[in-house]
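Two complexes come next, and they have one chain in common, subunit A, joined by subunit B in the first and subunit C in the second.
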Partner chain A sequence: MTVLLEAKNVTLRFGGVTAVNDVSFTVGANETVALIGPNGAGKSSLFNCITALYKPQVGNISFMGQELTKTSPDSIASLGISRTFQNIELFGGLTVLENLLLGRHQHLKVNLFHAMLGTPTWVKSEVEQIKRAEAMIELLELQPYRDRRVRGLPYGVQKIVEIGRALVSEPKLLLMDEPVAGLTTDEKDELVQRLGELKNELGLSILLVEHDIRVVSSLAERIVVLEYGRKIADGTPEQIRNDPVVIAAYLGEEAQTLEGQKK
Partner chain B sequence: MVLKERYEQDLRLVGSPQGWAAFALTILLFVLIPQIFPAYAYPVALFMVYSLVAIGLNILVGFTGQISLGHAGFFAIGAYAVAKLAPIITFPAALLVAVVACAVVGYLVGIPALKLEGPYLAIATSGFGLAIQQFFANTPNDWFGGHGGLIVEKSQLFGDFFARDRAYYYIILAVVTVMVYMAFNLARSHIGRAFVAVRDAELAAQTSGVNIAKIKTLAFAISAVYAGIGGALFAPLLGIVSPESFSLLLSVQFLSMIVIGGIGTVAGGILGAGMVTALQDQLAQAGGWSGLLYGLVVLIVMILEPLGLYGRWMKIKLYWKSWPF
Partner chain C sequence: MSLEQAIRLLIIGIEVGSIYALVALSVVLLYRTSRVLNFGQGELALLACFLTFTLTSRMGVPLWLSFLAGLAASAVAAGAFYFFLMRRAKAQDPMGLLILTLGFSLFANGGLSLLFGVDNKQMPGFVDVIETWQIGNFSISKNSVLVAVAGLILMIGLYFFVQKSKIGLAMRAVSQNPEVAKALGIPVNVVLVSSWAVAAILGSAAALLLAPAISLNPSLMLDPLNKGFAAAVVGGMTSLPGAVLGGYLLGIIEAYVGNFVPAFKLALAFILVILVLVFRPHGLLGEKETRRA
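Showing the complex of A and B:
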């Protein structure tokens, strides 16, 4: 399998806190990798390093030969990476359609004057983007919400809109930070099924942070486990389930919660 | 193919026959005002000038969420560019200088503004406005007329025909129509969307490919240009340009226009400019009480309609759309 994303010895510190500690892993073409680990393990921080929002102090992250630690977050999309956020980051004042159109922003090369004068060039490019956004709306069955402002839409719908905005940019690699968190079981099942289909249809690589183990096992071909910023395991779902180190990490966590419940 | 046509129709600013009728009526009304109600020609011209500033300020404050209490500064740059240069290089050329100067200064002010937010940005921009006012008042040799200012003679700028107030009204109408058209286009374009995106979710805007620094400074520059063109049109209208006209109070008035009219929409800025200009025109007759009355009316409007006049208009429209259900 060709390697799409490769992180090498990535270390990220915030003052005294080492959020990511010497982590190396890869994501291959058309591969779905899950990033799991207890709260505060550094999963979101790693996402932020990949999308250049954070600069790791040590290490390299390369994507199809491009060094990501030296780029700016606004050039990530044009390299072919898009993402969703753990706490939904949508443009609340814009409609669903407009949010998706922002997912197309990197494809828009029309300049200010065409836009202000509403020239045929601008209309042509805009129609092109609307068509793509409209196709995504259909794919994700968002038609009833097309012209509604995102602020105020149900949480589950917002989660889907955010995934739609990431997908419509036509990424090669999609990063999702807890895509099903906060959804009902039905919504989860539906989204997981849809993601599975999309992945095959679009020939997408996915890196996924998720706590829901059912979701992880049904989507991921490989799992990377973080604990306290360190990678403690990397393997197939089968291997991870039987890995004593992982079991210990999660059992430790469960033992703590159990103790907490006793009190 | 059918779909494609529908999208292109969606992109027209005026789509329906009713829309066209309303548009034609509006233009007709503005064209006829100096003929039918000559007494209103001046306040309406002033309203048009202010609406440009309000549109510009709304692009900055309403769309990108950056506040400015210094727009009197850009307004002054436009006004002085025309007052000083138009007699030498003609009015259109002076207007062009105003546009370029405001774009450059707006962009430059936008750079430090990237690091400031909310009250800090408000104070910083008010400092800019003050500095501009002082600059024009205290330029060596009173190059800009010092504290007394500069006289702007319409006859000198436009020849005898346009020197008549009514004729100058149409110059304003033409420029404002073009600028309003461009503002509506900008607002619904990918650039207008990017403005709102950086306001609502900066991180997601970035990972979607929006260069935050670029888009925010662009908003500042465009906003300044609108205010500057307003100032450039204002100078011949008033006939005199003096530093005291461009005080902090004027910046506050600009801000109150967009708050009253509706934050974050082009139409809101226009409505607010209309409301504030009309209020001032009417209240001027109240003499010493005008300030108090103005404040009271603003307060009442804000209590009754926190979303501004445009918000009220949208609610009325929605109501009638869903009527009689």
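Showing the complex of A and C:
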């Protein structure tokens, strides 16, 4: 399998606190990898290193041969990485279509000159962007909300819009920070099913951070487990579930509380 | 008050209101994208006026060309001010940035006074300010009509720019969430430089429309800027339509009240500001600020 994203010995410190400690992992083409771990394990910090919001003190992160630790957050998208956020980060005052159009931003190759003169190149590009956004609206069945402001839409719909905005840029890698956070069980199941379909349909590579073990097991082919900033396991959902270190460190916590409740 | 006088005052109100509305739009546009108030707006507009004046009256360049050159110069100056000073300032809190624009304003005013002089200059206009159209026994100033129409055209142009253009969409995105805009690959700096430039063009257009009717000197924009700020607050600092409404409202109320109680004319804008801030802080059309936890 071709390696798309490779993190090597990534270490990130905030003052005296080591948030990420010597972590290495890969994401392959068409692969879905999940980062899991208890709160404060360093999942989000690692995520933010990939999107160049944080600069790790040690280590490299390369994406298709490009070094991400030396780039800026606004150039990540043009490399083919897009993301969704833990608490939906849409432009609430803009419509669904406008939000999706913003996702197409890095595909705008026309300059101001073309735009001001309204040249054929510009018109063609404009039409193309809207066509792509419309296609995404159709794919995600968002037609009823097309021209509605995002702010007033139901939470579940907003989640889909955000995923649409990330996908409309035709990313090679999709980063998802807790995609099902805040959803009801039914909504979770629906979203997981949706994501599974999209994955197959579009041949996506996904890296997700997620707490919900059910979601992780049904979406991810591989799971990377973090604890206190260190990687303690890396394998298939099956392997992870049976890994004694993981059980002790992560699932163990739940197992213990469950036992505690039994007593 | 006779009907004729009522109409005359209304026209004056709309004329002055267009100026206020343009200034208010420039204030709101900047506030929405950069979360900052720019006290230097007046000096950027002065630069446009002095340049236009010098090119036309001293060097014989056609007025429309000087006009465009003036607008371009203030746009470039505003973009540069943002890019080189505002963006890089270590003091990135709103107060620090506010003081920075205040400092820039005072400094630039001194600089422009030194360069162009503090005397009153007669700014050339597209129409003679004393010429009127006669409709029956009713006369209407050509300049008033020009100002009102030009103001309206600029506002409609701004609407299409902000609502329909890609860069306008990017501006709205940046104003709502700069971090996410960045994550989507939107060049936030380009967007912010553009919004400073567009704001400067609006303010400068207001000054260029206003100057022929009064004299051009370094304190030209003092009053319009105050009123523009007031109109922006009244309309709601985050609303572009609010800025327009605030501008016209203030212009018209001022015209009528000023006619009966001239001494009170200056204070009027600030009575409105006080009322709005006490009873409706988000202004007439502004949205209530909802902060994320």
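Following the convention adopted for this analysis, the second predicted complex is superposed on the first by the 241 of 263 C-alpha atoms of A that agree within 3 Å, B and C clash if a C-alpha of one lies under 4 Å from a C-alpha of the other, contacts with A are read in each partner's own complex, and residues count from 1 in each chain.
In the analysis below, a residue touches a chain if its C-beta (ideal position, glycine included) is under 8 Å from a C-beta of that chain, and two chains touch if they have at least 3 such contacts.
Only a predicted model underlies this, so the values are computations on that prediction, with no experimental measurement involved.
Student: Overlaying the two complexes on subunit A, which is it for subunit B and subunit C: clash or fit?
Tutor: clash
Student: Which partner does A:Gly92 contact after superposing on A: first (subunit B), second (subunit C), both, neither?
Tutor: Both partners, subunit B and subunit C.
Student: Does the superposition put A:Arg165 against subunit B (first), subunit C (second), both, or neither?
Tutor: Both partners, subunit B and subunit C.
Student: Decide which partner touches more residues of subunit A, taking subunit B and subunit C as the two options.
Tutor: Here the partner covering more residues of subunit A is B.
Student: After superposition on the shared chain, which partner residues are touched by A:Tyr228: those of subunit B (first), subunit C (second), both, or neither?
Tutor: The answer is neither, since A:Tyr228 touches no partner chain.
Student: Thinking of the overlay built on chain A, is A:Val127 touched by subunit B (first), by subunit C (second), by both, or by neither?
Tutor: First partner only.
Student: Have a look at where A:Arg83 lands relative to subunit B and subunit C in the superposition and call it first, second, both or neither.
Tutor: both
Student: State which residues of subunit A lie in both footprints, the one left by subunit B and the one left by subunit C.
Tutor: Common to the two interfaces on subunit A: residues 51, 73-78, 82-83, 85, 89-94, 98, 101-103, 105-106, 108, 112, 115, 126, 165, 169.
Student: Which part of subunit B faces subunit A closely enough to touch in the complex?
Tutor: The contact residues of subunit B facing subunit A are 3-4, 7-8, 10-11, 13, 182, 185-186, 189-194, 196-197, 199-201, 203-212, 218, 264.
Student: For the complex, give me every residue of subunit C touching subunit A.
Tutor: Against subunit A, subunit C makes touches at 165-167, 169-170, 172-173, 176-177, 179-188, 287, 292.
Student: Which bits of subunit A are touching subunit C when the two form their complex?
Tutor: 51, 73-78, 82-83, 85, 87, 89-94, 98, 101-103, 105-106, 108, 112, 115, 126, 165, 169
Student: Within their complex, state which residues of subunit A touch subunit B.
Tutor: The contact residues of subunit A facing subunit B are 51, 53, 72-78, 82-83, 85, 89-94, 98, 101-103, 105-106, 108, 110, 112, 115-118, 122-123, 126-127, 129-131, 134, 162, 165, 169.
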